[in-house]
Amino acid sequence: MELLIVRDKRIDYDGSAIKSHWAYRNFGVLGNSIVIFRGKCNVKVEEMIDIEDLRQKKEIKSDDMVHYIIEVFEVPNVFLASVLQKLFIVRLCEVLEAYGIKTSRRGDDIYVNDKKLSISIATISPMSIKVHIGINVEAKGIPEEVTAIGLKELGINNIEEFMEASGKALVEEFLKAKKDSLKVRWAE
Amino acid sequence: MELLIVRDKRIDYDGSAIKSHWAYRNFGVLGNSIVIFRGKCNVKVEEMIDIEDLRQKKEIKSDDMVHYIIEVFEVPNVFLASVLQKLFIVRLCEVLEAYGIKTSRRGDDIYVNDKKLSISIATISPMSIKVHIGINVEAKGIPEEVTAIGLKELGINNIEEFMEASGKALVEEFLKAKKDSLKVRWAE
Amino acid sequence: MELLIVRDKRIDYDGSAIKSHWAYRNFGVLGNSIVIFRGKCNVKVEEMIDIEDLRQKKEIKSDDMVHYIIEVFEVPNVFLASVLQKLFIVRLCEVLEAYGIKTSRRGDDIYVNDKKLSISIATISPMSIKVHIGINVEAKGIPEEVTAIGLKELGINNIEEFMEASGKALVEEFLKAKKDSLKVRWAE
Amino acid sequence: MELLIVRDKRIDYDGSAIKSHWAYRNFGVLGNSIVIFRGKCNVKVEEMIDIEDLRQKKEIKSDDMVHYIIEVFEVPNVFLASVLQKLFIVRLCEVLEAYGIKTSRRGDDIYVNDKKLSISIATISPMSIKVHIGINVEAKGIPEEVTAIGLKELGINNIEEFMEASGKALVEEFLKAKKDSLKVRWAE
Amino acid sequence: MELLIVRDKRIDYDGSAIKSHWAYRNFGVLGNSIVIFRGKCNVKVEEMIDIEDLRQKKEIKSDDMVHYIIEVFEVPNVFLASVLQKLFIVRLCEVLEAYGIKTSRRGDDIYVNDKKLSISIATISPMSIKVHIGINVEAKGIPEEVTAIGLKELGINNIEEFMEASGKALVEEFLKAKKDSLKVRWAE
Amino acid sequence: MELLIVRDKRIDYDGSAIKSHWAYRNFGVLGNSIVIFRGKCNVKVEEMIDIEDLRQKKEIKSDDMVHYIIEVFEVPNVFLASVLQKLFIVRLCEVLEAYGIKTSRRGDDIYVNDKKLSISIATISPMSIKVHIGINVEAKGIPEEVTAIGLKELGINNIEEFMEASGKALVEEFLKAKKDSLKVRWAE
């Protein structure tokens, strides 16, 4: 699994990066990958993946986020996508704990002091599993009905360092799960 | 997903419960299920699933454990088995946190104060995903080279209550991951 | 499997309901589902699923039909879609037999006295199996080359009752097939 | 799909024919196949596939049956196995109707006048889908608690003709379902 | 697997034939198929499958090619698509060897005397595996940076005969691989 | 894909190495792998994978062979196993061509001057794809009805060099096919 951290520019997330092969098309990164970048978030209605959000006409936006675009070329099973997403979310919580921040996970959302730190979606393309996770850098530009929080309010000011630390942790988590799957025999 | 907590008797775990349909054969529990019971652990060599353990001739045993046998009738993909196992482990950590216990997860192992609280294995049968998790009630009868800890040493004395609370949490986690997988559209 | 019978309004079928998550998008029905409604049928060319129909430039229309939109979140295998569709058709024949009507099944079509009572299509989306079945309420507005018949000509005038009886039967059929698949061990 | 009707000898069914490649091993029939033969039925406990039968310690036996062993090399999905089995059962009912016999299907069982005519099981091997159907020729040697009936009591005395007619019908049913699956485009 | 050789007309390849069911839509050929035709090649950007080509803004064109459009209704696994494509390419090399031409295979490209004879792509639709192979009849109209060669320069002037010989060989290769997969038991 | 060439000892092949995880159990090689070793071949009847061989009571033996045991943790689809096997066989032919040896491939067999150089089998375990290829070092100890040839008769005396060259070529072939599968978008 390749890890690419985009440091030299901001990229805004409008939802289109959830499509298959986004990392390869845009960065030449082939196969399983995590691309991490920083930028605004404003998901276009036509790119929304969560039909519940569509039904409730939710807005998904934030002025400044760290974005994780993960693509895994395993069997395109949406339950696997959902479970893998939760595992990545958990690992991000563990990274935050290492920063001394007490988090609370609710499904695929990270909360700190009852304030929402993150958004996330997981789905499949016909060829791969795709996950997006966004973590607020600052709780600005967020839909009014959401009480949010950002990394800076939590004392994490070196965002690039956080991108790197969290990126490495997610890759490690993926590789551990993969390795464990290869060393077990099947059961009757 | 059906949850069955065996309260009226002890059952020892020798590894054979990892076979498919164990819950249905023994308790008439059909389909996705979590069966929780209490008993010794002493995995027979011929039932060992982790080939790394076999290669290292590890012993897997404990005098008193809470055992979780989970069967999920999804596509028998061993990477999904491995990822799902980690998610269940994480959820058990979160349950322990709710008891006020600070845990540390290492892959599929739960540690408290650098002492090992649990064992776990995940694999597939030709029909299903199977996960076993065992949590020490007391750190007795454990292989010498392992520094272990048990629930009682952590102040959890009402084991049956713990079995119930953790069982409900695992079911909830599974259903949440499943539900999330059903409400997303696919991506191009 | 959730059963939703739309009683309070008519819905016309133009073929677009065959898309994945139609039940969730329109009615909030999550997961495996059968939605039954009544309305016209006039499938737009761009929504046609059967390429044979497209090649022959067939029209698919009727002035008044009972429509069944079935979605099953199993492995998106089109042979399974086709076999499941036939089983649902058979069950509808059995429901009609219980009304005292002698039917004749030809593949996925129901005939009574050599007159066509139904239309049907089965396919997959990248996430699910989708089946549409339409049963004429009256044999009106049907392409000229088809000799058709409707429920009313067969003496079934309480259409809502029929929708309910047939819907329950289809759900029962699905659950029986599912249950049977969970209680068998695999063979060598 | 190859159809083989064994005419020159009797073969007793002890359950072992449910294993994969039985048709190829014994008759050189490669790929999708239906093998039809006549003989006793007495399923050995170790060959039983239905765990419900095992739990209830049911006997599965009959002195004289027409046996259908079906193997389909599709994705080894046990829900597909179960649905396909029901479709074959339905088709056998339709064959019996053509003989003027009024049948009643209950899941995968065929009844005539509330008497059980058939037994059936469907499962998967790691490579294929396997179905066994047995139809009583005479209702002899059947477990006491079952009220059974056989083909001869129904006026079907030319068993070989029945084997041929029903075999051809099952092949036709399979090919129709397969063909239908190939002529539909996928849905969004 | 059906083989269709289009002899009575030229068909230009613009990339759209890679879509699923192209053979059925255009020629009524159902199921696994190889359609072989002759015509120009000029792949439209929006039809390009190879993202590497897209990234490099490559042109894919030739004035006169023999085209093979292969569709296989197996599990839509893109690694299988890629491996199957290579096997077909190899078989074409073997056909050329039988013409006395010494070829050199580089992945999915055929070279003769370091000159490129062919282009190819393999991918999946949500329902099938699709492969396109194009072999230059003459090395004309080819992007300047490519040193190409065609069948005529290699002394093969009876193109229709070549289409037939190579088509039969590809079908034979497919059927052999399929047959071999049906006669082996699974391994523990 | 890991390549392990066993140089320090001979290993006889009795067929049991076709089981899943053989490379991990015996050499600690995890995941996709090719293990190459040299030794006798004498496949025990109970380890035979090719049912055709079993039916014909063929013996599979040779006094001295180079053995390739390949395991690929992709979807356990036996058609993929069969196609991948042929591609590996072809690549071995190409390696032999580089030695100046003219080979002739017949399915999964390599012939030189109408003499059989190799044996091979491909199948699946419930977790992986497994391929065995054996190439005669000398044509000794081979069943009488087979006209065989070995590497030494073809002038290849440095067997270890051949093991290395061919092993690297097979890994390269696998990685190329894998890479190609990752750089293509899906088709409609």
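As written, the chain order gives the labels A, B, C, D, E and F, with residue 1 at the start of each chain.
Please note the rule applied: a contact is a pair of C-beta atoms (placed from the backbone, for glycine too) under 8 Å apart; a residue touches a chain by one contact, two chains touch by 3 or more.
Remember, predicted model here, so these are calculated numbers, not experimental data.
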Shortest contact path, chain B to chain F, counted in steps: 1
Farthest chain (mean CA position) relative to chain C: F
Comparison of A-E and A-F by number of C-beta pairs in contact, larger one: A-F
Inter-centroid spacing, chain C versus chain A (mean Cα positions, whole Å): 39
Centroid distance [mean C-alpha coordinates] between chain D and chain A, Å: 50
Sites on chain D at which at least two other chains make contact: 20-21, 24, 51, 75, 78, 124-127, 182-183, 185-186
Interchain pairs in contact, sorted by label: A-B, A-C, A-E, A-F, B-C, B-D, B-F, C-D, C-E, D-E, D-F, E-F
Touching residues (chain side chain A, partner chain F) in the complex: 20-21, 24, 30-31, 73, 75, 125-127, 179, 182-183, 185-186
Complex contacts: residues of chain A adjacent to chain C: 51, 54-55, 76, 78, 124-126
Chain F to chain E touching residues, read off their complex: 18-20, 49-52, 74-75, 77-87, 90, 94, 105, 107-108, 121-126, 130, 173, 176-178, 180-188
Residues of chain B defined as touching chain D within the complex: 21, 24-25, 28, 126-127
